[in-house]
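Single-structure report; data block below.
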Amino acid sequence: MTRVGIINVTGYMGAEAARLLGRHPQAKLVSVTGRSAAGKPLGEVFPHLAPLGLTIEEELGEVDAVVSALPHAASAEALLPYIKRGLPVVDLSADFRLRKAEDYEAWYGTHPTPDLLSKAVMGIPELHRDEIAGAKLVAAAGCHATAAILALAPLVRHGLIEPDVIADSKTGISGAGRTLGLSYHFSEANEDVAAYALGGHRQLPEITQELGALWEAPPPRVTFVPHLIPMTRGILVTAYASLRRDTTTDQLYDLYASFYETSPFVRVVDRPPATKQTLGCNDCLLFPTFDERTGRLVVVGVLDNLMKGGAGQGIQCLNLMLGLPEAAGLQGLALYP
Amino acid sequence: MTRVGIINVTGYMGAEAARLLGRHPQAKLVSVTGRSAAGKPLGEVFPHLAPLGLTIEEELGEVDAVVSALPHAASAEALLPYIKRGLPVVDLSADFRLRKAEDYEAWYGTHPTPDLLSKAVMGIPELHRDEIAGAKLVAAAGCHATAAILALAPLVRHGLIEPDVIADSKTGISGAGRTLGLSYHFSEANEDVAAYALGGHRQLPEITQELGALWEAPPPRVTFVPHLIPMTRGILVTAYASLRRDTTTDQLYDLYASFYETSPFVRVVDRPPATKQTLGCNDCLLFPTFDERTGRLVVVGVLDNLMKGGAGQGIQCLNLMLGLPEAAGLQGLALYP
Amino acid sequence: MTRVGIINVTGYMGAEAARLLGRHPQAKLVSVTGRSAAGKPLGEVFPHLAPLGLTIEEELGEVDAVVSALPHAASAEALLPYIKRGLPVVDLSADFRLRKAEDYEAWYGTHPTPDLLSKAVMGIPELHRDEIAGAKLVAAAGCHATAAILALAPLVRHGLIEPDVIADSKTGISGAGRTLGLSYHFSEANEDVAAYALGGHRQLPEITQELGALWEAPPPRVTFVPHLIPMTRGILVTAYASLRRDTTTDQLYDLYASFYETSPFVRVVDRPPATKQTLGCNDCLLFPTFDERTGRLVVVGVLDNLMKGGAGQGIQCLNLMLGLPEAAGLQGLALYP
Amino acid sequence: MTRVGIINVTGYMGAEAARLLGRHPQAKLVSVTGRSAAGKPLGEVFPHLAPLGLTIEEELGEVDAVVSALPHAASAEALLPYIKRGLPVVDLSADFRLRKAEDYEAWYGTHPTPDLLSKAVMGIPELHRDEIAGAKLVAAAGCHATAAILALAPLVRHGLIEPDVIADSKTGISGAGRTLGLSYHFSEANEDVAAYALGGHRQLPEITQELGALWEAPPPRVTFVPHLIPMTRGILVTAYASLRRDTTTDQLYDLYASFYETSPFVRVVDRPPATKQTLGCNDCLLFPTFDERTGRLVVVGVLDNLMKGGAGQGIQCLNLMLGLPEAAGLQGLALYP
């Protein structure tokens, strides 16, 4: 059984990866690290993970594969030794999502290991399944980006829409992580909704890169506006696009269904989905529709930001890299209500 | 002091009107009705209104002005006698918002009193202040519509944008009223976000009508998608539009500031607003901005759906109709946090 | 593999049982019924259960064991044929929880099959493990009752406290089920807390019966006050009792730890637990402590009302009845945050 | 018109005091301070207070009365100059709530100005109305303490109960203030309930002091357990006590009604109250009842922790000190829903 380690288990992404790997039927979580909590039982930091019986370590022990839940920059640095040793590595941070170092630099600053960018594969199995299966370094895509890309990819690949789209995203607050901040203070965030990152959000270049690769020139224009809403988990993206040629609702539905036919975690649905239908599971539900009055396409996509938008997608990639069934350890149904 | 009555005080809109009128310095709430609860003390249905000492009646007593919080169709019928008597009437339902009977019919069915439509004034003081002051019948605009219209009106009137806009709206659940429904059941609605009315929402024609009146031909295309988010009060609309000619951020801000210069309840702000900043007060905060990468205009507007999006706006209109200061009884600050 | 059927899958308890049995490693969910939804795909009623590929039926098909999620009275009637055939039956309703028909009658009305009461076993494995393993008819205990009983049982069995206790319980709203009601309407229940059933709650006799069986005479007096708090899942009970003889904190902790030593789902913790630590999992966390100033015992217990307080406990009982490992299908960790 | 200043307007208590004083009909908010934000417009820190047009200052300007919203210790020090000048001072912190310096020291550490303790009056107008009216230094009682004391005071004064009570309190998270902390991080606090301060909460001595003053010897034993629940505002206390002599429900109700007859903000209600019924208003609703099975008294009390449990109560005291009507500036009805 593959021995897996998690770097930085003390945030929400790391904890979610531990929840999944700790019950994975074909992989064994053997080691977890955490900068400030080294030496503590994992159950002291996260009581829900106490049954795993692990202790947080300074450095990973013997492992066959690595998942990093460190923030960007720190992640690339910490992963370098494992990458060099040729271990399968999944990075949940943004460090290896962008193909071009200048894109990374524009949004995040200098990349610690820019030459590795060309070796990494973007961790969206629905678009890059085969590449992921053959890769040693995979970067699970961002939560907003995954939702927006999956919502629009079929339209783009079939040349159905103009290269000018809007993604209006609504996210639960766990996406901001466990680090404290006034915007995430309960009394401020509860009973409230606000747009943020109106000057540009770091997951925009992921969307542009991935959709751009599917489009013919000219490069697409993407307006992406995220909103913070008062719930813990879940992302709903409402994507707006203009049609290039006439299509019927049935054709639209069929196009999505066939695009995602071999993807176990994308479900094309015939009624507006709700984020709650994906709570704690790895599904992404897509609902493509028309605004008949304006001819505009409106696609609604939902997922759990820590699952298909994070750790779940990471494990999905890891499964492919290890030659396991894509859905291994990810078959839990959503928690509802 | 003007004696005011509320028809159908037993829903959220009626209760909010009672909260405001019950503490209004220049009007006196003297009578409230409620279909099923007639005979009961108001404080039995709404304990927070017990201090008003009112009893719910079958029919209004002697009043000088009327506010109706009935649903559409029922509202027009119930208001007819008061309209005939020439009393100042504010309707919080949709019955008198649309100028054309065919628009009403397309969205709501046959209008009970279609000939009155031409006599009614749309209750958005920021656009129709003088007409409202001279009117006897005013229809307070819908909650989503108010937010979307106020967010876009300055751009439209100045011909700054293409007549093709998107309004992505996020609303708290009190907008759905007090009538039970699975979508509003706590366990379903909590920790959830979903788009609804994707086939067309009844407040769309209000938006089209009001923005259309400001635009030159051709009539604007409006895509409006509302979303239900897990909070009680508040609406945030994110409006997207394409520029017709170059503008700077400063010009944009000035344009909004001057457009709303004389409007006591619209505040143009220089940072992204949050719905919580308007909780329980009659303000609408607007934040106009560019997406610099795509040149697209993004305007964020927030308000409390039961206040500026409902009863508060109704009282604002009533003040104008009665020759009172526009802000009388509406000066309470938002409850924060 | 044992074929299991669920009667009345269309409520939250039934859906939770389906979530668990649909992924159970040693049982197969083969049939589900639902009164009003017969003929519909299960995924139409509950999209999160669509991956199970089941259709809701009028009557159960061929099964080897039955779980009922019907309301009381209806449940006993529907289960009768299966009980007669000798199939292992787990009832999630209150129909078989009380040993005395007069207790049932006092709280619920006439029992449909009172002679079966003596054959049923109370479904709290921590107190009745062996009886359950040998039973054909088990009634999973109520959600509040499970929390209160597990919190107090060790104290009672060891004669540590006076037979006069208080259980102040705080519950998420899913405990009220999927049936609509004003108290569970989002706008009413959100941002609110209220006590209910102050005249007596139906789970009180369960608490009295189970604790009473552990006590010596006289029968205990139990004051039980439930409160509705604005969250979906989770129960926290704060139990108060007066000491009969001196005890140290260490002794108290040891007493709990040894009492639950063989119970895989009860964890005695050394810091105040939070309901979120049990979200979606079958754990009950207990924190026994003193109020040093008054010498009063305060025991805090938390669980997920649909899991250890409902369907999870039911499956735990079913496992025992079928000779399976007690924790089969229940090893998922809590979803956090 | 009395000119009032607020020290430390930048927390929730200070902001709430500003919301109330900024619209007070017989007092004028003229000056506000805030340690870190001096020089900023108040509307920059709290956009909902922008309409007040105030700038945060380093020190108060010319004022006739002072409200302090500083934390304990800092508050006493900052108030000293104003106390010396004989200005009416209301302290929202705990610095002047306890009569005995040793009590303060046991819970908070050394008191900065212990000799002033004897000059201060406890700010619960329902118990100390006349003293407050004649005082220059009043300490508004704590949020939990106010709820617990008001819930039990009538029983105690009439010698109806044994001097051994339990107060199980459930509070919204704004009670913890605006300072960041993991327990108040949205993702941790949402969908969660937990007991805290099980080793003793700082408002316990207030409860003991105030109830003790009403009791005959021996001093009462009070077990007080607060719980954090996922809402922003509101406290519900469930108080449990044992009867000393027989009483009927009617007698109980009458006793409460007559005890609070002259108190404009305490309403004795005949159905279980909900915190939402007091949102943003200064009311405390009390529901006294019996548990008939055990003869135990159960009293439920609700209030808004920032209003009757904080700033609202402070203004109520200030009104009395200034010879104004007790309810001046506090007549706003609750925001519902």
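Order of writing sets the labels: A, B, C and D. Residues in every chain begin at 1.
One rule holds in what follows: contacts are C-beta pairs under 8 Å (C-beta built on N, C-alpha and C of every residue); 3 or more make two chains touch, one makes a residue touch a chain.
All values reported here derive from a predicted model rather than from experimental measurement.
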Worksheet item: If we look at chain B and chain C, which chains touch each of them?
Response: A, D
Practice prompt. State the chain with the largest centre-to-centre distance from chain B, centres being mean CA positions.
Written response: C
Discussion item. I'd like the Å distance between the centres of chain B and chain D, where a centre is the mean of that chain's Cα atoms.
Written reply: 36
Discussion item. Centroid from C-alpha atoms only, then distance chain A to chain B, rounded to Å. What do you get?
Written reply: 38
Worksheet entry | Multi-partner residues of chain C (at least 2 other chains) | 12, 172, 174, 187-188, 190-191, 230-233, 273-274, 276, 279, 337
Item to complete: Under the touch definition given earlier, write down the residues of chain A that touch chain D in their complex.
Response: 12, 172-174, 176, 178, 180-182, 184-191, 230-232
Worksheet item: Which residues, counting only chain D, touch chain B once they are in their complex?
Response: 12, 15, 19, 22-23, 46-52, 174, 190-191, 232-233, 267, 269, 271, 273-274, 276-281, 285, 331-337
Discussion item. For the complex, give me every residue of chain B touching chain A.
Written reply: 164, 166, 168, 170, 172, 187-188, 190-196, 198-200, 204, 221-223, 225, 227, 229-234, 236, 238, 240, 272-276, 279, 287, 289, 291-294, 296, 298, 300, 302, 337
